[in-house]
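Letters A, B, C, D and E name the chains as they come in the text, with residue numbers starting at 1 for each one.
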């Protein structure tokens, strides 16, 4: 699990707006992808840098610039200059410990969301995705390259669905929708792990179960921490009076909002399930102690009296009449058997075994 | 218990509004029932498909179309076209993991509620019921066929009560009222189980009790998760300024609202009862350990000193005066009896048995 | 403790407004008491039925009709007709699982409160009291006859206090005040039980204490569940803009509101006290286990080494020099004594006894 | 700790506004102190009764009437008549189970606060203080005489500070300020006790610690219960639009408000500290059980095998070759020593001692 | 950890606005630093006292007066007189138990924040920082000298960044930004300690772990207690309609606000981590008890039957046929071995070792 914390102290003392990338260096080099389209036109290219880039602010196409990897500070200064972004926006894009949020800067909206990747070691990688929604441009910034936006790029290039006919707000919605849908994938993996844990506990509970429970719980907390502000951000988008959001698109943001709430519900349900699993685990530990103690008590209660009886007839008194009896030995063995049987019956009656 | 989760990931990457049925395939084929009525007219038929269906939007009858089973995607595309429904509404009807909600689309209101069925294996089946309330039509969509709306159909066909005289909002209210009343049935079954559990715990508590407690708790959480948003949805209906809701009907929605709160109250009471039962169970486990330890301690405390005394006179020292005494053996037996009695008295005084 | 639940399922499927009495049949027959008064006039009679009853809606007297027992459905239909009550109000009066609430029906206000009776078996009987406050009439409905309103009837008949000079809102306030004051009586009885439980726990805690704690807790939860909505209902009355509530009476409702909050505070305090008692109980159980284990450990630690020593000299080796010594036996007895004393001293030092 | 509850049932059935003193009879006789002052004038006297008292409502002096002890019902009826107080205000002054509150009666504001006294037996005495703030008079009512207002009386008589130059609202502020400052004194005593408890727990934790924790917790809850409404009451004063509160005084009430929040913060901190102490205590009990069990296990594990070996050579078989060996006895003693050493080493390795 | 409590009782009874320094005497003497600057001008000096100080209220420079150490009451009276501060502001500056807050006094804003210092003994020193934001002056008061504002002083003297070009609100923002950034430093140290604790617990958990958990928890609570009101204070600044806050600066305060929320998030995450660590610790303690009991039970269950068998053949009956058998001894040894092996196998099957 990655720390949400990212050594922010590195920035303590710097002027606000100072561009420093704070976060894990997922990528070595920023990868820039440019899409330009309108209903009848489509163009896509990968850029090395933005030297020759012209923001076609007045033209009739929508520009979608996607940047994967946040290491290249100079690139971001250039983007800021080209699209007229506020220094604090640039700072927030690079400082990847932001909570999801929506900020209205008049000419553009600034959106932060978090995306999660299941890691091979069982951890959960948290990635910040920033989206700038302008009148005829969308900028998206991710910490690392992934397939998350691939289906959208395909839809644009193949002119599937309504995306080529709509404005930038619809594209922004499509990006957010993909981000939110990815939570469902993460949750399904978690569900599988929770169910496996439940099975394990019934078969053979041990201390590692407790650690697994806590690890899953932490993941859920991590997801929850990004979901609540995401929900607020989407709600802010939906209720925004910005001219950038068309009335017909609002219902789509409301739809994503509902998905977010469904995800939060599921996270809460999983937390409840883990609590139940924890209770069962603790009860198992406690019952096992009871069982151990019962075995000890049964053994001690049966053999202590018997050993005592044997001890009596091991005494060396001169005058012990039983010792001289012909059937004394076998009689005493019989008494011992009787005592043992009585004890066993007593524990049977108490339902101990 | 059915998962609230339904493999949403299947949709990740699809365009919003893409119709895919997400949920358990309760029914093989959709069953369509059509009712048309006004105060003087009544007609009912089961439809195979909607090819010949004419939405009598201008006529003076109320149309109630009920569909059981959500497998037939094409059917829903047709319904959407006939009644002019937003693609997202169709998507939500088919994706049965919705939280209860009320959405005002101007021409019609879209309502989602959840219905529960007790299952034979002790589980709780959760079903999504969607209701579309238009000016002169009501559409209701259920995941599976059941008797839930039977009494309403009878009242309409036999012209009992005010339902034939009222508008679609009254019919919508009747549907909701039946859905909410069904919660009382579910809760009564739960109450019986909780009381049976309480009796079990007093008689013979074991580990299965804990699992029963957690299973009941999960059911209550599942119910509660659908109740809170249902309450909000009904409250939204009640306070709605839609022209589709008449003033005289508002008081009936308020009545359902009160029922919902009563149900929530009962769910909370049951949760408290389960917490109490859990405490009693844990206390029982803990007391049983105490009892086991007491038996062990009593046995050990009585027999260890006795065995020690026997051990002394089993020593082989040449000069041990007691061994040669005439009554040494019986004297020592008396001493042993005395020690045992003292121990027993000590534990009696401590109220151990 | 009576269930708050009352088999509501009996109503599932009936039309809203269908009159069915849901609740415990406390009384066999409804008892009807009629009071008519103004500042100079007073009349009281017990009615058998309402056949000859005339609602003097225009006259200058206040009519207070009190009904005890809710079995007689026809009576309520008649009352509804005479006073022009909404069917849902009648339904709520008869369905005694209502939460306390205040509803403004324009011509009259509908108030629901809950009253509690201590039962001989230690339980708490919950009763629904409905009050209808009209311009010149008050209707009150109780599940069973009791002395709750006796003092008010006396004040009216003897013309004590301001009640004969005031309007119906003052009478409604007097009824509510008596209901709220009765909570104090219930709470005092609970306080006595809690204090008795505390004493018991210090003297001789056992498993029955836990059940007593949970029974008291449930009672407090039951009281609390009716108090929070009661508080809201009274607050709604106080802030109501209904013409039925005079400005000078508002301060009296505010007073009852304060009492309700004081009662809620006391209930919360009692819950805290019970939590404390529970903690002490659990600690006692845990300490008792520790004490049992200590006794076992002391006994085992003293006698195991001694028995071992005795065992050594019980061995039958041919060459064991100590056995032939003159003072061997007594020497060994001395060694044993020494070992025992050292062990005792060790436990003393550890403060074990 | 005094009950917050005060046998309110004594009032059940009485008309609202009936004057009955509900509370502990702290004082036998009410003590009346009268101060009259303006910037240039000062007069103070102790009154026996109010027969000759003239409320100088029009004159240019401020009248401060302080009454200690609430037994004398007639006195309060007289005060109510002289200052024109609402019967419910008088009732609340005498019923000392009020929550802190602020009520605006137009001509005067009615304030209730609670003051606490540390008792010698370690308890906390809760006292109700009522303040009536009129245009040119202040009435204050306390349950018992104390030094709480002494410093204010001195400042007035010696004309220290601004109090003689300001209106009644400033005097009311001064009274409230002293009441709130007294909470700091109570809290400092509590802090000492909490710290002493912490030290005790480290040195020698026992069952009495748990009871001390719960007693302190209850005190904090008692304080907290009066602080939250006090905070609201002061906030209501501060935001009041009453003509009795001057704009320049508002900032002083805001200051007291801040103090109240600081006190609430401290109470919460103390609660957290007690929770921590409780956890440490429970952990200590649990660790002690572990330690006891370890001793028992070590002893049993060492001596059981040894006793068994001794038992073998105590058997009376005719043919046991070891018994006849010259060094058999010492050899076996050596074996026993070896076994014991191995066991000791095993437990050492496990870090058990 | 320093108490947040500071012996406030010292002030009980004093008039409001009386200047008494309440807090730890961190510094012996107040250190005064004066900066005067505008875009083209810069001047810095350390002052001994304020005798010759002239508040250049009308001039075109910004005055920043920083005071470290709050012992010198007279100094503060002078500052109050020069800048026209309200007595309650001075009182709050000196009483260092304030919660963070923002108060608008018209001519100036009064801001309280808390700064934390890690102490060598592992504790956390809490310091109050007061900031007065006037039209052309900023006053800052700290309890002790530190490097916290050094970077800002450098930026001003070297004319780095925009600070020399902006108004006092930008300087106030810079001060707050440094204070908030310092929380990140504190949190990073805490994170290291939490991770070290987690490692310790896996290797060798003991009672000291519990105390470490509670100490860290208390630190987090202490931080949290100052963060929530700080968040509110910054939010109040951001939404303030004071003329002292320029529209262009608001976005910077919003930025700090976001940082505060990120810090609160981290504090909550750390609390969750500590809860998890606590659970693991308690589980370890519980499992260790189980392990101890298992060893005891294994030893007792193996050796008690063996000792009993040895005891039987140690009896002195005259007629015991086995004793005379040639291979009796070795036969019995074999039986004993068999019993022991069966026991070992039994525990193996139960997975006990």
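Everything below uses one rule, namely that contacts are C-beta pairs under 8 Å (C-beta built on N, C-alpha and C of every residue); 3 or more make two chains touch, one makes a residue touch a chain.
Given the structure is predicted, the values throughout are model-derived calculations rather than measurements.
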Neighbouring chains shared between chain B and chain E, ordered by label: A
Copy pair chain A, chain B: interface residue numbering same or different (half cut): different
Separation of chain C from chain E, taking each centre as the mean of its C-alpha atoms, in whole Å: 43
Averaged-CA centre spacing for the pair chain C and chain B, given as whole angstrom: 27
Two or more partner chains touched - positions in chain E: 286, 289, 293, 296, 300, 304, 307, 311, 314-316, 320
Touch-based graph of the chains, sorted into line, ring, star, complete or other: ring
Ring topology as an ordered chain list, initiated at chain A and continued via chain E: A, E, D, C, B
Sites on chain A touched by chain E in the complex: 3-5, 7-9, 11-16, 86, 88, 91-92, 97-99, 101, 103, 204, 207, 210-211, 214, 217-218, 221, 225, 278, 282, 285-286, 288-289, 292-293, 295-296, 299-300, 303-304, 306-307, 310-311, 313-316, 320, 322-329, 332-333
Interface residues, chain D side, partner chain E - complex: 151, 155, 160-163, 173-174, 177-178, 181-182, 184-185, 187-188, 191, 251-252, 254-255, 258, 261-262, 265-266, 268-269, 272-273, 276, 279-280, 283-284, 286-287, 289-290, 293-294, 296-297, 300-301, 304-305, 307-308, 311-312, 314-320, 351
